[in-house]
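Note that subunit A is present in both complexes that follow, paired respectively with subunit B and with subunit C.
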Partner chain A sequence: MLENFSFRTIVEYLPLFGQGLVTTVWLSALSFVGALVVGIVLCAMNLQRGWLFRAPAKAYIDAVRATPLLAQLYFLYFGLPRLGFVLPELVVGILALSLNSGAYIAEIIRAGILSIPRGQVEASVASGMTYVQRMRLVVLPQAFKVTIPPLLGQAIVLVKDSALLSLISVAELTRAGQLLASDRFMPAEGFVTIAAFYLLLYYCLKGLAVVSSRWLGSAGARA
Partner chain B sequence: MTKPTQTKTGPAKTGMIDFRGVNKWFGALNVLKDITLSVEPREVVVVCGPSGSGKSTLIRCINGLETIKDGDLVVDGQRVGDPATNMTQLRTEIGFVFQSFNLYPHKTALENVTLAPVHVRKIPRAEAEKAGRELLAKVGLADKVNAYPAQLSGGQQQRVAIARCLGMRPKIMLFDEPTSALDPEMISEVLDVMVAVAEEGMTMMVVTHEMGFARKVAQRVVFMDAGAIVESGTPDEFFSHPKTDRSRAFLSKILRH
Partner chain C sequence: MIWQQFLSLAGSYPLALRGLGMTVVLSLISLVLGTLLGFGLGILRTGGNRLISSVIGAWVDLIRGTPFLVQIFLIFFILPEFGIELDAFTAGIIALTNLAACFICEIVAAGIRSVPTGQVEAALASGLSRWQRMRQVVLPQAMRIVLPPLVGQYVLLIKDSSVVSAIGLTDLTRVGWLVVQRVPNGLLVFFLVGVGYFIVCYPLIMLARRLERRMGAAHGEVQL
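Right after this comes the complex of A and B.
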């Protein structure tokens, strides 16, 4: 069975996979940064008392979480040009991933902030800190620790989701697999190889999660 | 509003903390009923009473952790809840010690003490740290400056919390059942620190059932029940000759053991 499996072709295509891998890594990284920005803004809006900020944030988060990423991607890819915005595929892809992941990250950060005991806020209020001071000095540093593991989980999801960008012809990792599959009609070789690379990325991020939790565990202590 | 008019000469005749006809509701529950109480500078007042009687709510109103519905509450010459009062500024003059310590778990003991002085009072870090070390030494924790709260016992954490308040050089210290969450053998180390603070002339309101502490340093004991001040007097009067049935019933319960 394995005699039909062409390792030679994989080796031959390795530079293409390498490029795809590099593209996947940096576009995921960029999208994650974008998602963090979107998430922080949404979360800040969502934590306001005023209905005016909260309602749009909630509506956005629900809309993103309720619809498939592929639909969102196609909406941006095919819809935006109709509205007069013609953007390169790569930009559309990063935008879609940022906007999508941002909604999930907003909820992760909100959960982190709400997990901080009320007494922490009361202690900082009682010492005369302003809202900004107590967020910056007391709440966010503690919420940050709680948030790191789920954020890395979201990063792993984002890396896998980036495979969808192959559908709008972004030359990332999955696209490389598709090319091998269609050029040489070797789908097994193509997709096993990209699976191996995704696994590699997964272990890198997981390793980062382990290292960070160990680092967070030693800096300071549990509540 | 049962009060006729607000006195024009408000701040002139007030104590450090002045409740005048203060009421507060949680929904339909009248948790503070027409409280009138004045605490003089350097006075130590112990507040006691059964659980749910409004003691904690009473002192939490003073720094605005709870808001009042009507009546006047004047602290250090400023009306609490008045839009013209800068509550953030007023709070820097009021130390608050919680039952559950509420130390910042991501900060060392010293950082807990210096955080507000550096960021709120804008004291230079070196100066704040020097003062912080002195305060921690004063509460008997000179060797724990770099320990995190989770590495400290309850009694040690509460002493750090007291040092944290003193670091702001407040005019008033409020204690909300500071020893209730502690193991018995740790209570005295915290009370000793509180006695020392009182003896330095701090204006204090202390919600506690530690009658030994009350007898030792309090000028006045206030007994609350069901949101109202039922009785108020010197510790001696209150413990030896309680005037009301309710205070007698309360004392017989807490002094039985």
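Right after this comes the complex of A and C.
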């Protein structure tokens, strides 16, 4: 049983956990920004009429969605050096997370844009708006509202996925737990603590999702 | 050069097949168990008992809020401290089943909530028992909402099963990891691993899309 659960060791290792938490937060944030860029580019390609841009974007999205992140991570981790790119584990991790989440974000944005009724686009064409005006003034402001909640959902997934980077020995939160588990042979202390930290991040993002949906909901009511 | 590596990779195809088999078996067992458990939990969650409902809700939040890797470590390393000795395979099955059950519970609960209350009231007025009401009135209508995300969840489950390689189960991802130590061509090895997963997952993704379209269309039909 866990009668010798050592809170003292947890406190002793708290600086390590703190560092891990900070690393997890900023590397997730950076990956999320990267994923947004990848997602927007993919989505733009996917919405073109010609197959020249559409086909590669579709193939990429399907390939990412049908394979596990861990395999993609190893693909980059073991594969990039082969191509002559010897990058630090952290960079490989951020790259993998961005490329992976980007595919999902592309679909989220696409769903948002396609949710705008066709009549609105036709009306703005009839009012003589250019493509950029149409996008900026009509489509994107409305699509934005629809995409924020699923984007936050994707952010939650990304934070959880970042735990896999511990397997290529990036010093993030899960790695801190593994260190405590192996140094002191205290897996319970290590993994329960990091689970608590992840829950903290989860509830923060979930709270943000609730607040934003309320805010967007009221914005919608006003419009 | 590439050809030589292909040849040396060809030697490890029995290992790859075993890995693929392990991935499929792991996913299949936890898919069946997780679906049964998930439907049970989902029905209980919407069953009207506040206490049961909030306990399930809290558990689901706990599982959705933590990385699957951490859950596997917790099950594999901590259950033995309670006197439950687990091998990696059982630990993997438990972790995957639990994960699937939690997500499916929420999907089923959402489906059940989408059935208009008038339907339940009518069933009640017709004197149907609790079980009859659920089986003959509520669930058939809820399935329309439940089915597309359920299939999507199966895809996630197969992909998540790759994480159990971290506790040493020789699934497809682990096989790739083992092979790459011997044949140092990560691009080729993990491309092939990816192909393995793609073969299993892609048909399911297509199925989910088709169901989504069909169920969406069914939703637009005239409803009595």
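Assume the second predicted complex is superposed on the first by the 218 of 223 C-alpha atoms of A that agree within 3 Å, B and C clash if a C-alpha of one lies under 4 Å from a C-alpha of the other, contacts with A are read in each partner's own complex, and residues count from 1 in each chain.
Here, a contact is a pair of C-beta atoms (placed from the backbone, for glycine too) under 8 Å apart; a residue touches a chain by one contact, two chains touch by 3 or more.
What you see is a predicted model; the values in this text were computed from it and never measured.
Q: With the two complexes superposed on chain A, say which partner A:Trp215 touches: subunit B (first), subunit C (second), both, or neither.
A: neither
Q: According to the stated criteria, A:Met129 is in contact with first (subunit B), second (subunit C), both, or neither; which is it?
A: The answer is first: A:Met129 touches subunit B but not subunit C.
Q: Check whether subunit B or subunit C contacts more residues of subunit A in the superposed model.
A: The larger set of subunit A residues in touch belongs to C.
Q: Would you check which partner chain A:Trp26 touches, where first means subunit B only, second means subunit C only, and both and neither mean what they say?
A: In the superposition, A:Trp26 touches no partner, neither subunit B nor subunit C.
Q: Is A:Tyr202 in contact with subunit B, with subunit C, with both, or with neither (first, second, both, neither)?
A: Once the two structures are laid over each other on A, A:Tyr202 reaches subunit C alone.
Q: Answer with first, second, both or neither: which of subunit B and subunit C does A:Leu137 touch in the superposed model?
A: In the superposition, A:Leu137 touches subunit B alone.
Q: Quick check for you: in the superposed arrangement, does A:Thr174 touch first (subunit B), second (subunit C), both or neither?
A: In the superposed model, A:Thr174 contacts subunit C only, not subunit B.
Q: Is A:Gln120 touching the first partner subunit B, the second partner subunit C, both, or neither of them?
A: first
Q: Does any part of subunit A touch subunit B in one structure and subunit C in the other, and if so which residues?
A: none
Q: Contact residues on subunit A for subunit B in the complex?
A: Result: residues 117, 119-120, 122-130, 133, 137-138, 141-142, 145, 219-223 of subunit A touch subunit B.
Q: Which of the residues in subunit B come into contact with subunit A in the complex?
A: 63, 65, 88-89, 91-92, 94-96, 98, 100, 102-107, 115-116, 119-120, 148-151, 164-165, 168
Q: Can you check the complex and tell me which residues of subunit C touch subunit A?
A: Checking each residue of subunit C against subunit A gives 61-62, 64-71, 73-74, 77-78, 81-83, 155, 158-163, 165-166, 172-173, 176-177, 180, 184-187, 189-191, 193-194, 197-198, 201-202, 205.
Q: Please give the residue numbers of subunit A that touch subunit C in the complex, ascending.
A: Contact set of subunit A toward subunit C: 1-2, 62-63, 65-72, 74-75, 77-83, 160-164, 166-167, 174, 177-178, 181, 187-188, 191-192, 194-195, 198-199, 202-203, 206.
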